[in-house]
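For reference, chains read A, B, C and D in written order, and residue numbers begin at 1 within each chain.
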Amino acid sequence: MSGIKPEERLAAALARLILAPDAPPARHIAVGAASPIPAAACWLLRKAGHPVRLSLLHRRSGNPFTEGTRELFDLTGQGRIDLFFLGGGQIDGQANLNLVGTGAWPGRDVRFPGSFGSAFMYAMAHRTILFREEHSPRVLVERVDNISAAGVNAPGVYRRGHAQALVTGKCVFRFHPDRARFSLLSRHPGETVESIRAATGFGFDIPDAVPETPDPTPAELALLRGPVCDEMLETYPEFCARVFGRSEARAPAAE
Amino acid sequence: MTTPISLEAMAASVPDGALVALPPDNSLPSVALAKALVRRGARGLRLLGVPVAGFAADLLIGAGCVAEIETSAVSLGEAGFAPRFSAAVRAGTLVVRDCTCPAVHTMLQAAEKGVPFMPLRGLIGSDILAHRPDWKVSDNPYAAGGDPIVLLPALQPDVAIFHAVMADAEGNVWLGRRRECATIAHASKRALVTVERVVPGNFLEDERLAPGTINATYVTDIAIAERGAHPVALLDEYGFDAGYVADYARMAKTEAGFAAWLAREVFGQRAAAAE
Amino acid sequence: MTTPISLEAMAASVPDGALVALPPDNSLPSVALAKALVRRGARGLRLLGVPVAGFAADLLIGAGCVAEIETSAVSLGEAGFAPRFSAAVRAGTLVVRDCTCPAVHTMLQAAEKGVPFMPLRGLIGSDILAHRPDWKVSDNPYAAGGDPIVLLPALQPDVAIFHAVMADAEGNVWLGRRRECATIAHASKRALVTVERVVPGNFLEDERLAPGTINATYVTDIAIAERGAHPVALLDEYGFDAGYVADYARMAKTEAGFAAWLAREVFGQRAAAAE
Amino acid sequence: MSGIKPEERLAAALARLILAPDAPPARHIAVGAASPIPAAACWLLRKAGHPVRLSLLHRRSGNPFTEGTRELFDLTGQGRIDLFFLGGGQIDGQANLNLVGTGAWPGRDVRFPGSFGSAFMYAMAHRTILFREEHSPRVLVERVDNISAAGVNAPGVYRRGHAQALVTGKCVFRFHPDRARFSLLSRHPGETVESIRAATGFGFDIPDAVPETPDPTPAELALLRGPVCDEMLETYPEFCARVFGRSEARAPAAE
């Protein structure tokens, strides 16, 4: 099918990972402000009829929390958050995340905004999907300069979940916490194992067959461009305009 | 019972060097008071982002008011990295104590409960922990052994600063669901609150308003600052002014641009007219 | 999204032996559900008074539904000692795990945060501590040494039971400032909530209602029970029925009087008409 | 002055203890439901113009707390509660309180309602005034059967405050935490040192001069019978009727 935007493909790929039959159930997903694509993936599931609860952390109206921002972390501590999304300025081959900055601590070369709740969420959500569109040796490094949140822990350290996968602009990696290593799960159209290897700073396992990341189905595309976009217009007007060609009918909220 | 003071008097009551807790851009920072602190030339402030910092923090850092910041992130959200924070980190002129969101909440909750520490899961394996000699890893006494857990010390800010929708005649303030502001107020020695307006009555007598109210017992002073969160949104009162923040982000990329922005928006005519 | 179930179905969903958390008489107990539990013949319940227990607990104890109670007190307030509780203690048929109010809150807050324990000041020197082998005294690692402090284990009730004013179409419930009910719901595996009424809309979309709302994510089931807190007061909806409680206190002084009261108020015509 | 009710005298005596110049300031007092007399003492101070903040825990309207009942204990933990009142089914000579019951734990002889927050409040409020109208060897014992809250702690145990005094229907005792012992401060009219000694199960110190507990002043009586009673009618209708001869004009709250 022509005209599929990369963002639409990524959203559909994320949605499939969320529903992966070998993963624990995703009854309640929390989505941060970082990227609209994970939010689109979650709305896609909802609009397709899956009874998943979404807590959209930066929605202006209808903020789900009434205890302030601590409630997300308390919820996660309680084991009620099945899935969270994280990214990183650097992500390494052991799924360590760096949201602090490059160079010496606390980011003397390039300072990123900071770790947010990653050092907790990554360990306490039942699973995490890593998402970063930029797929380059600059981002996907052998070893992060600074660890905001660790991909794995020493035996005995209490931890509820790990990364399930890493989705980039080029491919989908699956993460194996038992051996602290990624394997290539699928490559997006136009990419080869070699093009991916060249763009990746860390080593990863390559199965015999690496399928292409499937296209979104026509039904998925219709949902994304219609009801999913409707839900996202308020929070992500720029994204909706760029990807779905839709602009908000209402006047901007600033007065 | 509480009589509002002026914004400038409120700014004057924050001593140089104070540990100042600020909510983030999605939770009612008092940008008006931050601007007043810039005007009064505050120095050596130690900021605590609860749990992250945004526009007000970048402004204070750029204006040279801040010696240290403890926070889980500094960001302008959609408008990108916080430019004066980034410049200060590069220049090495700002002590940054990196944290992670639930750790900020936990340290404040420990102060709120009057206990010296509180445990938190996660964190182990993070360099945040490695760079916090004041955080201790202990063995969970409720496990059979071999269950390390982080203990975080209570953190009592000198001053909590935030913006609420309104105050009542008793000095109670109402800010709805943004309850991290309540935690900050409970944990801090003093709470300075700017409000859009003061109204008659007592919110605590109204079952509909009481749940979003912070009791006057925690509120040291109130100042009226209309649109005091601007450019940040205030519940359903006014929205986020993305254009204003984008303009700031663009100008504040350089020292000179930031100075021009300050002259216009904090010290200038337009600022005077707005406040 | 949530469809209310019947009160009897809700009572049936509480298994015998469950650890059931109840708010006290000044904070929205579901007396209607307590009566339904009596009607269903619940057995072996372990009650947790948050932080104290009142009318509903005495009723359940008298009806033989309760094996254990953990609480900081059991009292009928102005109507005096709780008669069936007192009788059960005298008879030795009830395991009583005495607690102190902030310890109940702290154990629930530990469960709310997902940590295995939380410290609390005070308590040392009390026989409450001496009779709680599950509570540990530890040395505060943030002091120079020699600062004993009590560590309390997280407590996760199987079921939280309380009464709220209303539920919305999304299954959120509103109960105003009685936020211990939120803590109980957060800490518990399941929350069963009776309400006066279900209304359209979404409380979380309304800045005035959101602060007193408990998100549906914590609410397992809702049942409509008009005047479901009676004889206890419900915010500004209805007052405390002192006459009803005094009558109970008088009748429940004896086993026979209590049985007559149960027959009339829980199993009888009048009960059926009221519910 | 004739016609002074014992409750009025006790309220005035409590008010004087609250303002005692050698005690730390009472800016914020929390008052439980247990007894209306401490509440009357606090209202007396307020109506006399002292700027004390009162948190009346069981007032139906205008409950001061918006975090649920934990807020009182958090406030106290923060050091914001200057004064609290406690009583006890038994009170002993070291100011230990028993609210649990007599006989073997947990009160197999006479079970009292329970300890409430006493084990915490007694240690963490800046000071506590003990109040119990019944002055008998049954209540004031050499050693309580069960300790709900300890009067003193071993050295090194963190504790913010202690009992300041014990006010009964017969006298006022002052407590000395340094030696864990009460001394007689004043005797109510009609009582002698001997009558008090005979009614007290614990030993206590007796100074050379034991003055009579003073009468409330006419101004205090006027405040108690007027504006103080007005404030207390909603919460304590029976007390107001009995002591001040006033009944609530409004219909009862039930319905």
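The working rule: a residue touches a chain if its C-beta (ideal position, glycine included) is under 8 Å from a C-beta of that chain, and two chains touch if they have at least 3 such contacts.
Per UniProt, the chains are A, B, C, D = CoA synthetase.
Because the structure is predicted, anything quoted here is derived from the model rather than measured.
**Q** Looking at the contacts, which chains touch chain A (CoA synthetase) and chain D (CoA synthetase) alike?
**A** B, C
**Q** So the centre of each chain is just the mean of its C-alpha atoms; given that, what is the distance between chain A (CoA synthetase) and chain C (CoA synthetase) in Å?
**A** A distance of 40 Å separates the two centres.
**Q** Round to the nearest whole Å and give the separation of the Cα centres of chain C (CoA synthetase) and chain D (CoA synthetase).
**A** Centres of chain C (CoA synthetase) and chain D (CoA synthetase) (C-alpha means) sit 28 Å apart.
**Q** Round to the nearest whole Å and give the separation of the Cα centres of chain B (CoA synthetase) and chain C (CoA synthetase).
**A** Spacing between the chain centres: roughly 36 Å.
**Q** Mind pulling the chain C (CoA synthetase) residues that touch 2 or more other chains?
**A** Residues 109, 113-115, 120-121, 147, 149, 177, 179, 182, 210-212, 236 of chain C (CoA synthetase) each touch two or more of the other chains.
**Q** Would you please write down the residue numbers of chain A (CoA synthetase) that are in contact with two or more other chains?
**A** 61, 63, 65-67, 73, 77, 124
**Q** Answer with line, ring, star, complete or other to describe the graph linking chains that touch.
**A** Contact pattern: none of line, ring, star or complete.
**Q** Provide the full list of chain pairs in touch.
**A** Touching chain pairs, listed by label, are A-B, A-C, B-C, B-D, C-D.
**Q** Which residues of chain D (CoA synthetase) touch chain B (CoA synthetase) once you look at their complex with the stated criterion?
**A** Residue positions touching the partner: 28, 53, 55, 61-67, 73-80, 124.
**Q** So in the complex, which bits of chain C (CoA synthetase) are touching chain B (CoA synthetase)?
**A** Against chain B (CoA synthetase), the touching part of chain C (CoA synthetase) is residues 106, 109, 113-121, 136, 138, 140-143, 147, 149, 151, 153, 176-177, 179, 207-212, 235-236.
**Q** Please give the residue numbers of chain B (CoA synthetase) that touch chain D (CoA synthetase) in the complex, ascending.
**A** Touching chain D (CoA synthetase): residues 111-115, 182, 186-187, 202, 204-205, 210-215, 217 of chain B (CoA synthetase).
**Q** For the complex, which residues does chain C (CoA synthetase) have touching chain D (CoA synthetase)?
**A** Chain C (CoA synthetase) reaches chain D (CoA synthetase) through residues 24, 26-27, 51-52, 71-75, 77-78, 81-82, 85-86, 89-90, 92, 96, 98-103, 105, 109, 120-129, 131, 146-149, 177-183, 231, 233, 236, 238-244.
**Q** Quick one: which bits of chain D (CoA synthetase) touch chain C (CoA synthetase) in the complex? Just the residue numbers, please.
**A** 33, 58, 60-61, 63, 65-70, 73, 77, 99-101, 105-108, 111-124, 146-150, 152-154, 156-159, 238, 252-255
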